[in-house]
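Dropping the structures in below, format is structure tokens.
You will see two complexes here that share subunit A, one where it goes with subunit B and one where it goes with subunit C.
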Partner chain A sequence: MTINIILLIAMTIATLWTVMGRSLLKATLGLAVTSVVISVLMFRLDSPMAAVFELSVCAGLITIIFVSAISLVKPLTHKEAIVVSKDRMKRFRYLPLLVILFGVIAGFFGIPNDFKPIYVALANDVRTVLWSLRQFDMFGQIVIIIAGALGVVVLFREKEKR
Partner chain B sequence: MSPDTWHILSVFVAFVAVLFVCGIYSILVTRNLLRTVIGIEILIKGVTLLLIVVGYITNQTGLTQSLVITIIVIEVVVMVIAGGIALSMFRNIDSIDTRNLTKLKG
Partner chain C sequence: MPSLLVLIPLFGIILLNLPFRRLNEKYVFWFAVFLLSVQILFTISHHSLFWQQGMGYIDSFFKVDFAIDSLSFIMLLCIAIVSMVSLSVSRYTIPDPRERFKFINLLMIAAIGMNGIVITKDLFSLYVFLEITALSSVVLIAFQKDMNALEGAFKYLILSSIATIMMLFSIALILLVSPGTSFAVIAAALKESPNSAVIIFAMGIFICGLFIKGGLVPFHGWLPDAYTAAPSAVSILLAGIVTKVCGIYTAIRVIAFVFGFNEVIKSLFMFIGLFSILIGALAALGQKDLKRLLAYSSISQVGYIILGFGTGTALGMAGAVFHIFNHAVFKSLLFVNAAAVEKRIGSSDLDRMGGLSYRMPITGSTSVIGVLSTCGIPPLAGFWSKLVIIIALWQSGHYMYGTIAVLASILTLAYLLLMQRKAFFGKLPKELENLKDLKEVGPEFTLPSIILAMITISVGVFFPFVFDKFVVPIKSIFMQ
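After this line comes the complex of A and B, so read on.
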């Protein structure tokens, strides 16, 4: 449990760095670090398949998507960056306080002492669950991927030359 | 529920709440479209972590992992589309500041 707490603290620091950091690129890297820490936690919580997905997709693919999007957007000038940075620090000054407050409230009062989780008898192999019990989810995933591909085609379409 | 299980769940719920606070605060406060997307991403990470912890406690890791895999697939598509929207916004109005999106109204 001690290692889990250390990992959770690392995750929180990476998240705060992501949210409060000045540079958009560094924020993206912070998000990737958060994903890596979460995937390690998933490995430790007996969920290796989800951890592999989190590591490869969230820490890898999504980071690449964000970095490509950032590289296509014009960066701020030095003066603009200073103004934006000051403004950001002003707007995010309450966040550390809120993080501590909500963390303590959720930790002490989030789960009642007499809470009983519902145990459902199901197959515990992820492949069996995914391919046999939740086939409709797979269908939904395929539809969403096709919709996403079509969305990308529409959004990145070159304007017609007149 | 045994005291150990309650302890594990409480610790994880506290840190998931922290993730939620960071994500919601980021979405509410920021004006950059890509940072808003990052806030949504942090919220989704909180949900996936909570699902995995609950699966670990109830000994149903198979079910929760399949749900998390579904969430991750949806997350990627959402991120790709949101990135595309941000880029097309940049192409049209030369900015990704949400305050410049006033022409959408009406």
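After this line comes the complex of A and C, so read on.
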């Protein structure tokens, strides 16, 4: 229990750092750290396959894609970075307080136990779920990837010409 | 074989993007026209073998139940009609064949997403197809890549992401009590925990997400910017069908078949509906941009749909679905005409327009039909759907809502007649008199306008037939 709370606090700090940090690269690292902590939490919640997906895709692959994209962007000068940083701090200064307040309220009241919970037996392997039970969603995922690829072609091709 | 509605367009897109790209750029338009025409034909003939589930290997591969009822047929018909109109307009507004090729690919992906939303009976699949539609819509809004388009797309992206996160969170909470995500399983599970605060919270955030997607007041911030900044062909698609399928149809399907009605949900829907009618109409009154005015008008008209649905009676819900169809038709008509005007005078500023009917008689006269139908003037289609909604409000004892809804029609009449007078009636301004090209754009615009105007007139004139064939079957599925 204590470890879970420490992990949740670590995750919150990492997400706040992602949102409030002035550098895009640091924000990406903050996001990667968030994903790593989520993966550990998933392992602790007996969901090893979900944890592996989170670790490999969100913490690994997506971080690499973000870093590659950021490397193509002109970095801010020191002065600009200070201005951006001040603006961020001004805009999001209440965010940590809100997060702490929400945490305290949620911890104090807890989740109301007024429903009939379902305990799903872990009989189905993730492969069975994906390929034998949720084919329609897998098909949807294929369409999303194609839409994303088309989006990149439509939105970024002309910039090359310019 | 309803799964073919999503499979064939996808395989078509993949094949068209692989070999012979140059050749495919020529034929992609006709391929899309063919697919959408087939969809229109099959939805009109609902007794065909196509709709029999389990036909062949493909449906059994997916192992899911598809929603094949009057409600789905009407939505699939709207999707095909509006997509076809958008396709036709794009033929003129996007002249570069390469750009048009990309546009049609994205349009077909949006159609796959919307068809998927309509035929699925699973809450998680619904979320997946909502994402497909949202992603393709974002790219379509930003298609022109100028600052306004990117701003409109960014607003839509952020608000749409918030909506989908809310829905995903809601599904996660629902899985606390439900062993699966299919509509029937969730509906049965929710009955076991009827007054749970967690489940009520889950339902609440799901509905909020849908309101954002549907652009209802107070979640409408993205809508006028997106409609105005998007290319004309995309505005038609967004106003005509995307918000209706993603927000309104989904709300109707999920509330009526999964969450169930209670007094709180009814009051919430009716209040949001009435609020949208009034705020949309009042905001439209002050607009000087034609597309922006039509965007606010859409918010107001969607309010009528939500108000009718909020009655919770079978007649009210059937009236709401009927108004979805009518609104898809007459709002697409008005957006096609706005696109034609924008193409010819190079702006959608109402102050720069006037007397356009003299030079663009088909656009002017079809616009009158669209305006009168939106205002609910008999015998046009819009009159009947609003009448059904008002009767449902009266029968369910909501006299105040009914009275305000009728009075709000006067506001609708005011802003639309103002628009019609400024744009099409009166004298042609001097700066426009010298425009040599000020004439009808071409069959890509006039043909859809005439067809949509004819649908509006025919649905109104042959209302008894439409009532028996479309409204009564929809009413009967809600009565079950």
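Here is the rule we go by: the second predicted complex is superposed on the first by the 143 of 162 C-alpha atoms of A that agree within 3 Å, B and C clash if a C-alpha of one lies under 4 Å from a C-alpha of the other, contacts with A are read in each partner's own complex, and residues count from 1 in each chain.
Keep in mind that, in the parts below, a contact is a pair of C-beta atoms (placed from the backbone, for glycine too) under 8 Å apart; a residue touches a chain by one contact, two chains touch by 3 or more.
Please read these numbers as outputs of a predicted model, since none were measured by experiment.
J.: Touching A:Met49 in the superposition: subunit B (first), subunit C (second), both, neither?
T.: first
J.: Would you mind checking which one, subunit B or subunit C, touches more residues on subunit A?
T.: B
J.: Contacts for A:Thr12 in the overlay, against subunit B (first) and subunit C (second): which applies, first, second, both or neither?
T.: first
J.: Does the superposition put A:Gly151 against subunit B (first), subunit C (second), both, or neither?
T.: both
J.: Please work out whether A:Leu97 is in contact with subunit B alone, subunit C alone, both, or neither, and reply first, second, both or neither.
T.: It touches nothing on subunit B or subunit C.
J.: After lining up the shared chain so the two structures overlap, which partner does A:Phe139 touch, if you call subunit B first and subunit C second: first, second, both or neither?
T.: It touches subunit C, and subunit B stays clear.
J.: Between subunit B and subunit C, which residues of subunit A are contacted by each of them?
T.: In subunit A, residues 111, 115-118, 120, 133-134, 137, 140-141, 144, 147-148, 151, 155 are touched by subunit B and also by subunit C.
J.: Which residues of subunit C touch subunit A in their complex?
T.: So the residues of subunit C touching subunit A come out as 3, 6-7, 10, 13-14, 61-64, 102, 105-106, 109, 112-113, 116, 120, 122, 124-125, 128-129, 131-132, 135-136, 138-139, 142-143, 145, 175-179, 189, 192-193, 195-199.
J.: If you look only at subunit B, which of its residues touch subunit A in the complex?
T.: Going through subunit B, the ones touching subunit A are 1, 6-23, 25-26, 29-30, 32, 34-35, 37-39, 41-42, 45, 48-49, 52-70, 72-77, 79-81, 83-88, 90, 94, 96.
J.: Sort out for me which residues of subunit A touch subunit B in the complex.
T.: Residues 1, 4-5, 8, 11-12, 15-16, 18-19, 24, 27-28, 31, 34-35, 38, 41-42, 45-47, 49-50, 53-54, 57-58, 61-62, 65-66, 68-70, 72-74, 91-92, 94-95, 98-99, 102-108, 110-111, 113, 115-120, 122-126, 128-130, 133-134, 137, 140-141, 144-145, 147-148, 151-152, 155-156.
J.: Hey, which residues of subunit A end up touching subunit C in the complex?
T.: Touch residues, subunit A against subunit C: 111-112, 114-118, 120, 132-137, 139-144, 146-148, 150-151, 153-155, 158.
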